[in-house]
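So that you can tell them apart, the chains are marked A, B, C, D and E in the order they are listed, and the count of residues begins at 1 in each.
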Amino acid sequence: MPDSNISFIPFGPQHPVLPEPIHLRLVVENEKVVEALPTVGYVHRGLEKMVEAKDVNQMIYVVERICGICSCMHAMAYCQGIEELMNVEIPERAKYLRVIWAELHRMHSHLLWLGLLADSFGYESLFMQTWRIRERVMDILDKTAGNRVIISVNVIGGVRRDIDTEMQKWVLQSLDAIEKDLREIYNVMKDDYTVKQRTVGVGVLSADDARELGLVGPMLRASGVASDHRMTGYAAYKDLDFEPVVETAGDSYARMIVRMKELFQSIDLIRKAFARMPEGDIAVKVRGNPTGEVISRVEQSRGEVLYYIKADGTKNLSRLRVRTPTFANIAALFKILPGCSLSDVPVLVLTIDPCISCTER
Amino acid sequence: MNVLNIVFRLLLALVVFPIIGGLIVGLDRKLTARLQGRYGPPILQPFYDVLKLFSKQRIIVNEFQVISVFIYLASSVLSLVLFTFQSDLLMIIFVMSIGAVFLVVGALSVKSAYSQVGAQRELMQMLSYEPLLILIIVGMYLMRGSFNIAVIMSQGRPLIEELPLLFLVMVIVLGIKMRKSPFDLSASEHAHQELVRGLLTDYSGLYLGLIDIAHWFDLMLLLGISTLFFYPHIVLGIIASLFLVILEIVIDNVTARLTVKWMLTYSYGLGLVLAAINIAVVYILR
Amino acid sequence: MIEAKEITLDNLLSEVKNYHDNGYRLVTTTCMEVDDDKLEILYHFDKDFKLENLRLTVDKNQTIPSISSIYFCAVLSENEMQDMFGLKIDGMVVDYGGKFLLGEDSPLSPMAHIQIVAKEQGENKEGGNNA
Amino acid sequence: MQISLLLNVLLPFISAVIVYFLKNERMRNIVIIATALVVMASSVVIAVYGYNTFAGHPLGNINLDRWIAIGDLLLSLYILYISVSLKNAMLILLTLLQLIPMFVFENFSGANLDVLHPIYADHLSVIMNLIVSFVGTLIWIYAISYMREDEEHKGIRPSRQNRFFFILLLFIGAMNALIFSNDLIWVYFFWEITTISSFLLIGHDRTAEAKQSSTRALLLNSIGGVMFVIGIILGYHFFNTVDIQTLISHRASGMLLLPFAFLCLAAFTKSAQIPFQSWLLGAMVAPTPVSALLHSSTMVKAGVYLILRLVPAFYGSWLAGVIAIFGAFTFITASLMAISQSNGKKILAYSTIANLGLIISAAAINSPVAVAAAIMLLIFHAISKALLFLCVGTIEHGIGSRDIEDMRGLINKMPFTTLITVIGLVTMLLPPFGVLLSKWLVIETAAKNPLLVFMIAIGSALTVVYYARWIGILLSRTSSKDVVQHEKRDPFVRIPLSVLAMLSIVISVTVTSIFNGLIAPQVVEYFHRLGVIAQEGSIGTSYGGFSLWPVFLALALALLGGYVVLKGSNQYAMPYAPGESAQEYKVIKVAGKETKMPKAKVSNYYFSDVISENRLTPWLDVAAAVLIVAMFGVVIL
Amino acid sequence: MGLLDKARQRSPWLIHYDCGSCNGCDIELLSCLTPLYDVERFGIVNVGDPKQADILVVTGSVNQQNKSVLKNIYDQMPEPKVVVAVGVCACTGGIFRDCYNVVGGIDKVLPVDVYVPGCPARPEQIIDGIKLAIDKLAQKDVVKEEG
């Protein structure tokens, strides 16, 4: 039976398990995927071109909307780049605040991802429970920054808001509660038979594969490469000693564990940041327009983002190039989808933690 | 069997049982929500859903879909009617299988990837639960010497005493039939599934509503069979059946969806072995 | 100014291969317009958080070789460059034919024209957008 | 009565010779149709007017034994000639193993081979005769147009239809003769005629594949022939007779069962049971009428007929127990194999093997009810299966493929044939139709034997898989606005298909009368009890019952409901697609090669990686061989 | 038909399509399903299948590639149906309206019944919008003529 056994299944762009539009051309035999080609473009807006319409400061709001989930870190990378171009040193307190909000964003992103992963393999109650916990993180964001998702705290020269001592105490209390709940979920996920059935050994990528595919973030760390851009010590990370979370198996299970452990790491980092945060201003005034070109890199929840900024001294930048982590990670789909089973397709798509709006900008 | 008796049984099968079936589905959704830390829909939600579906525009892809739905419904209704008339259990299962086959036929007749894959998986599900169901009934026969429900119910001690493992097999069968995790492969009770809605993908409006209703009949039939295990202690049987449903809901909430291969291995590896042990013991002891 | 090693079309592949063999990760490639007929392409490589760059300047109608046979992940950014700048790239392992991110009705090579795409406030955007 | 019997048996032989020499196609068709009508009519006459009435020698003073012995010798020599020309040493050996012992036994052993009533007809014979006469002749009629198209299609010239119809007619004659023979040696002779006819028919197309398949068929059937010869000689050795009725009237046990074991083995080869299944699978290279004939009414049914004939002899013995398990084993494994096939004919072939296994298994379950079920299955299977083969043949001529994957949406192209096929499939698969009814009866009776019921339960679930998906893809259609072409079919195709389809439904509806009229008396004759009550549309045993009318009523209501709703306002829409149409302009080149995004298409799951025919078959053969050894084991020990 | 109206109001099934949003509104819409907001209280289920949905919830602006997809999904839904545009991008195109690949708000492609502004719209707002949509849904009648 040469051809008669082959199925062609268009997967997406509208699909309940993938909240975002991505299309996969799947060639399937029985339940095994033989060929898979992702095609994208359903969310492409052309944000890089927006530099021609918006000025340097307005662009913050645009880059935040590259992706709502990691908006804070996009703004952070952008602001750090512009600050470097203009030789601005921002206050220490602002650096700590940036870290705190970045880590909160990482938490809500990872929790969101965990829920979606659970949803992709039909573990609905786990989806609900993780999102229940996530609501607490959203509460913290809401209370400290004034909005739930896109918080717009970063400005060139610092941050817009401060977190006072009383609020800090409340945040820390919330974090304790979150950690307790998370610990329970972690224990379940770590050992659950059905979860392991669906993730262990699924979509394995070795360290060499991962480097070849140019993967970043948790994808890379789950394959045993200790690459976390926070190690370079931008913002306040240089003062917050931490070790990157690394797993070696390189399968979906390892990716899940990495992200779950990073949740605890983030809680830890926020606590440390609160403890070590100095008093002082939260922003400096910045004047003038930037000139020159710079590359700014920040570790987002999905991995390292690269901002290439080129300015020519006018109020508009001349080129902004964003290489988002998901843009890099989507390459993994070419490699892990062929050979998996049809029911693993959503799981594998989710283990790369896709964010199509990041990917396509 | 006088006329009153016949009317009573028909009423039971055509009105009372399906309503209870719908309520159980409502209870299922409520309980699932509670287990997930949510408040959940009202118990009557399945009835609202079905009523709403009836009022929608009728969209079909082809005629065979419609015919299949009606045959599915008819076979589910008939099997429950036959159950209340205490007919032959094996016949009831075969009548139920007409509906199952036509559900697959209806889904296969649509050239959509998702309903087709759903139909293929549904066939595998049938392959998994049908032998188990037949073996459960064979176990009952070995105990009672008849396939007739009337005869099965006519004798003293409850079957569960000697067929405990077959009752456990019922858990697998019910799980597959209720489309609960880890067996929600062909179409999930929940809305999020990798196959969209699996073999129900191309059904909508009236036809989806009819499938829902047929599903209540099927559910009640299976619960009826599980109640048989406890006869003459009917109350105990009903409690046990409800417990079975609750167990399914709990299992649904603590497991992920697994794969077709796993299901086949599991239902054949565990289900058949349990059934075999139980039947062998009964056979040797008799 | 970021540090970047100037290369030419002739030694592009060998330089990239060099990085590959030394265990560098390809971060991405960045393309930008220098003037009306020149494009500049930056290749970013990373090893232990240290970024190294290659800078290639080509004519708009020049065909450049793909590095995707060395680094598979380059197909993504190369396809994007092909979409956005109309850059001709030869030998991509996976070639989306200029429709990687763009749709059927999208403007062609939208980034390759130095012009403001912003519309006047309130202008109806339908139609007149195609380049 | 004598006359109708003679017409029924001899006319096909005579017409066969006429057809062979008749060059005029029109005349030939008339002869074939006339013969068919006469054979059908005579079989009805036999069925209505008399059983057990053929006492004595049918042709008066002519010593038929002598003629049959001569015919047997000539036939064996012909097979030997074929074997030699095929240069197949194994085949030569097997032929000699039949020829020499038989020759010696008949001429030099001094055995008294006279049989008081060489012709015998009971209800079983009548049932078989009705099946052969009706199904077989309908296949002749179908073959008229099929072979014309086939030869046009394959460009065969000069026409070889004379030869083809000669064998086809001969075949039916031999089958009918076999059915009414009460002398084992006669049975053996006609048995050999069916063997050689099937060899010639399978090899009809003269392709390399046909040649190979026909050789395999001859080889495996020769094994059966050898077993048959051993069975005859041993039977005479033990019981001093070759009269079947006398043989089975002995309630043999122990070693005395040995001849019956050999005869059953011969029947297994004829019925293509695992491990002898390969000849039947190879037989599908032959033109479709041949497959239909081999699978439904004649060749393979001869095997199960022999077993059903012999049932009283080993009823209740250990031998029966092993045979029952052997049959069930064939049922489950052949059903499993059928799942992995996409070739329509091969699915049907495996399904035939499976159903024959079930018949054999049921016949050997030590219960009159099971024997009744076996006979029931024999009837219903013959009709539905013949219908399905003819349908596949028609489809193959229509679309040029017998692969079920190519039959997607066939309802749009060939609505008539497709609906008939669906009827055939539904009657094979679902209650309240006869095949499932018999299966239900078998399971209920087999329930006393857990091992058996295990295998049958799984086997019947497997059956559902391959038939249900076939129905589904036949009926797939995107929108009823697709123009349905009015299907033009030759009346020679239309009539047999319609008649068979109607028959398959009618006999299901009238199952109780058929049961009471034909099956019950036979079972009572065998066992002097029945244990089944069939009346008013229900079939009941002391441990269960099946009522047909509620099911028919529910199905009718369902169809009515569907009809009413379809008459109402319905919006036709395209099937769900996740918005992929926007993608069609995206041409992606992978490594320089363009990949197209074809329309969404899902193939059935064949699990060819798990259920690999080539890999599994040797193992199954070994397992089946072990069962056969066990069969002899329980006899000898 | 009081009962039918009630059933329709009590059982609105929605389908969500992300039409080029930044994910901000998507995740807020998903939040609505989860324990804190739990819209299943009102019988709202997020079905993934347009053929079974009553309410189409769209987030994000329409771009050149997904406009046909959005149209397809809308066309596959049976009457009566309503469309809810969630987020300022879905309403007008929002901050992206100047981008070269963006067509604008979804009302460029579909008739929109309810606009829910916000960047991103908060879950409470979304629930409010869906409530409005339910009211509109109950007022609509099945279109009867086609066949």
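As a convention for this text, a contact is a pair of C-beta atoms (placed from the backbone, for glycine too) under 8 Å apart; a residue touches a chain by one contact, two chains touch by 3 or more.
Please read all numbers here as calculations on a predicted model, not as lab measurements.
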Neighbouring chains shared between chain B and chain E, ordered by label: A, D
Most remote chain, CA-based centroid, reference being chain E: D
Which of A-D and A-E has more C-beta pairs touching across its chains: A-E
Relative to chain B, chain with the most remote C-alpha centre: C
Distance from chain E to chain D - Cα centre to Cα centre, in angstrom: 59
For chain B paired with chain D, centre-to-centre distance based on mean C-alpha positions, whole Å: 36
Distance from chain D to chain C - Cα centre to Cα centre, in angstrom: 68
Separation of mean Cα positions, chain B and chain A [Å, integer]: 43
Of all residues in chain A, the ones touching two or more other chains: 7-10, 13-17, 21, 31, 37, 39, 41, 44, 46, 49, 53, 128-129, 132
Set of chain B residues in contact with two or more other chains: 36-38, 57-59, 113-114, 116-117, 191-193, 196, 201-202
Touching two or more other chains - residue numbers and ranges from chain C: 94, 96, 99, 101-104, 106, 110, 117-118
Pairs of chains satisfying the touch condition: A-B, A-C, A-D, A-E, B-D, B-E, C-D, C-E, D-E
Of chain E, residues touching chain D in the complex: 49-51, 65-66, 68-70, 72-73, 76, 78, 144-147
Chain D - residues contacting chain E, complex: 569-571, 573-574, 576-577, 579, 581-582
Touching residues (chain side chain A, partner chain B) in the complex: 7-10, 15-17, 31, 118-126, 128-129, 132, 192-195, 197-198, 341-343, 345-346
Residue ranges of chain B in contact with chain E within the complex: 29, 33, 36-42, 45, 47-49, 51-52, 54-59, 191-193, 196-197, 200-205, 208
Chain B - residues contacting chain D, complex: 57-64, 66-67, 69-71, 73-75, 77-78, 81-82, 87-91, 94-95, 97-98, 100-101, 104-117, 119-120, 123-124, 126-127, 130-131, 134-135, 138, 141-142, 145-148, 151, 196, 201-202, 206, 272, 276, 279-280, 283
